[in-house]
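Here subunit A shows up in two complexes: once beside subunit B, once beside subunit C.
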Partner chain A sequence: MRSIAWHWRNNPKRELWLAWYATVVFYNIFFIVFFPVTHAQPPPHPGWSDAQVAYWFARSHGGLLAGFAIMFAIAGLTAPQNALIAYSMRRMSVSRAFAYSYLVMYSLSALPGMLLLCVVLSVGALRPGRDPAQLHWLYDFGFLSFTGTMGIFLIGSLVWMLAILLDKNRVMPKWFGYLNLCNALTEVVVAPAWIFRTGVLTWNGLISWWINIAVFGIYTGAFIMQLRNLILREDFGDGPLPSLAEATR
Partner chain B sequence: MAGARADGELILFWTLPVLAAIWVSAFFLFPGFAHPMSPALTAAQVAGFYRDPAHLSLIRSSMILFNWFGVGLVPLLTLLVLQVKRMAHRTPILSYCLLGCAAGGPAVFLVADIFWLLAAFQPGRDPQLTLMFNDLAWMTFTTAVPFLIGQSLIIALAIYLDHPGRPVFRRWVAHFNLVIAAALVPAAFTGLALSGPMAWDGLLPFWLKNTAIAAWIAVMSVVLGRNIYRQRAA
Partner chain C sequence: MTANTGKPARAIPGQPDMWVLVLFEALVFTAYFAVYLFHRSAHSELFLRSQARLDPRFGTLNTLLMLTSSLFMLRCVQASRAGAIRAAMTSALITGLLGTAFGVSKITEWIRLVHGGSGFTSNEFFEYYFFLTGIHFLHLLIGFVAIGVIACQLRRRERRSQEVVETCATYWHTVDLLWVLIFSLLTW
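Here is the complex of A and B:
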């Protein structure tokens, strides 16, 4: 506790560390809520009948409502993560346009890419007696908006990739730039989920889900470690804060 | 700092009282807010609410007003981002965080607004469908707190990490933002109750949440306005 208090007062990198820990906390809660609590991941089958979907809602009822309630409370933790990634681009020898466009796109992404699923499946779970055909519509809406929100992550990853590959300050290794390309490509292979209800290309299929989640897991782990390295290497020295230096000038 | 770059800040700032007046009138114009609609209503009762000729024009006009002016909050949030940028931080990361939250709150609210207008568009629809659109509207509206909680916590953090000798905002503004963040949390959990103080028409997710949002806008406007005037005078 004493060490935390010391860092809070004296660590020049405290803003960056807080954003990094917010990222780690968010992904841990995200995993717990989406996998064991709500069973929204791995996603259930897109080819089910109305009755099977109604049964899924009935079985996951409490988990869906409690789990997504947690997401509504903590989804703001995505802001520090996006800010930290945008900051990594500010440290690179590229235009500020990269940092700002990434920040705008990923700030927007939370709504179609996650919160709509949380709202829609919560509404499904809210009234277990609802007409199964309507439950099925909510189910399709939720999973398609979650899996099928592609462009933001596609273009966002390419913006980060381009910034890393153009950067002369070596803020991040080039291999991580190419890993961004892998993440971008997963958004391409996900597109058939909008079309197929059976087979490997569905929203829970081998290609559109299992390969995707593997790449996403590796990518997320890698960028969390790269952001940690960025903060560790950051050298602010022990000079005065920028605004104080300005004031005494 | 009071030079050309701050031009227009006062105009953006003084749009707020006008917007607040519109928000408050739209809030009381919507017949489902003054006595908030219970989630325990049956499909027939919900359909009756939208089919009532006395309600229909009020629902539509209030939600169109919210659609026009709800995003008017973004300039206030952007002015707050500029205040955070003035603080004695080593990186722009907290102003980035706040900018990231600025779009989120109004955008989620717009989704709720669309569901309400959709329910009112064809009130003659199957009552089960009207009930579903009404549920979507109320759940989206009530749980639309993540970015509001986020921005309050970020403002509080930014103030705590500012230089205590020359603060942009006083410390009590940070404490106030923490209280607001805490008051918004119960609304996230409204799906767990269809009646009582945790239902979407209940004490915590409706009255406490909306009062907290109103108080936040009022208090932050005053402290922001004072700063803008002081900075222009400097």
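Here is the complex of A and C:
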């Protein structure tokens, strides 16, 4: 406790660590809420009938309400995460436009990429007596907005990739820049979820969801570790790196 | 300690970091191919019947275009290493033209298939066909950016980074390799 209190008062990186821990806490809670609590992930079948969807809402009623109440409370934790990623770009030798565009894009993409699903499924769960056809509409709207709009994360990933590859300050390793490209390419793969109701390209399909979530899991783990390394290496120095200054002399 | 044999040390072409992308993409595509093969074995009759609707001339032409483009990319890297900038630039340009020809041929094939009643949603085979060729097409578009980066590097002459040229070439060869695998899987 004394160590924590000392760091809270004296550690110059405390804001960065707070943002990093906010990221770790967010993803842990996100996983618990979306997988075991609400059963919103892995997504249920897109080809269900009205009656099956109504049954799913009834069965998941408590979990949906409790889980998404937690998500609404902690959704703001995505802000320090985005800020930390933008900070990583501000430490790079690239234009500020990269950090700002990433920040705007990822802040906006949280709406269709997460909050819409929470709102829509909560609406369905809060009015269990609704016409099953209306519940089905909410179900389709929620899961299509969640899975089918992953493409909006594509440009954000490409912005971070470009910043890393152009950077001369070596803030992030180049392989992580290329991993951003891999992640961006798999974001495209979910787009056919709008078209198919059966098969591997549906919103719960083997390709659109299972392979994608594996890539996203690896990518998320990698970026959390890279942000941790960034904070550990942060010296708040300014100007070009000594090796670069030497080279240009 | 390694004994000095007098031979030059073998270096990985381009940035070693690019090989992370190559290996990761190889893993992702292996997963796609595994899913495809699993469903193909379950519905072999449908898949064989649908494959017969593909025009083999397009597949063969596309493979030849892709392999030739890789050859010219190799010549570009070799010329760049030797400092023959004009030859390297010519090879990069030809690579880009062959890639464009591949893209045009692919789009033509897609249009013909759709007009012939074999669209993305026609059956399970064409779902895979359009998905795999579509995602490869996306890789091809990024490959054009890589060729653009090579052209910019070659124009810089004195400040040219051979490592960046080889990194971009590695990406182009990956696009080629993926096509050969997709072609083999979808045609046979």
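Note that the second predicted complex is superposed on the first by the 234 of 249 C-alpha atoms of A that agree within 3 Å, B and C clash if a C-alpha of one lies under 4 Å from a C-alpha of the other, contacts with A are read in each partner's own complex, and residues count from 1 in each chain.
By definition in this document, a residue touches a chain if its C-beta (ideal position, glycine included) is under 8 Å from a C-beta of that chain, and two chains touch if they have at least 3 such contacts.
None of these values were measured; they are calculated from a predicted model.
Once the two structures are superposed, subunit B and subunit C can be ranked by residues of subunit A touched, with B on top. Touch criterion met: A:179 reaches subunit C, while subunit B stays clear of it.
Of the two partner chains placed by superposition, only subunit C is touched by A:195; subunit B is not.
Look at A:144: by the touch rule set out above, it reaches neither subunit B nor subunit C.
In the superposition on chain A, A:18 makes contact with subunit B only, while subunit C stays out of contact range. Touching of subunit A by both subunit B and subunit C, each in its own complex, is seen for no residue at all. Within the complex formed with subunit A, the residues of subunit C that make contact are 15-18, 20-21, 24-25, 28, 31-32, 35, 39, 120-121, 124, 127-128, 131, 135, 138-139, 142. Touching subunit A in their complex are the following residues of subunit B: 39, 86-94, 96-101, 103-104, 107-108, 111, 128-129, 131-132, 135-136, 139-140, 143, 145-151, 153-154, 157, 161, 163, 166, 185, 187-192, 194. Listed in rising order, the residues of subunit A touching subunit B in the complex are 12-16, 18-19, 65-66, 68-80, 82-84, 86-87, 90, 99, 103-104, 106-108, 110-111, 115-116, 118-120, 122-123, 125-127, 130-131, 134, 138, 236, 241-244, 247.
By the touch rule above, subunit A contacts subunit C in their complex via residues 173-175, 177-179, 181-182, 185-186, 188-189, 192, 195-196, 199-201, 206-207, 211, 214-215.
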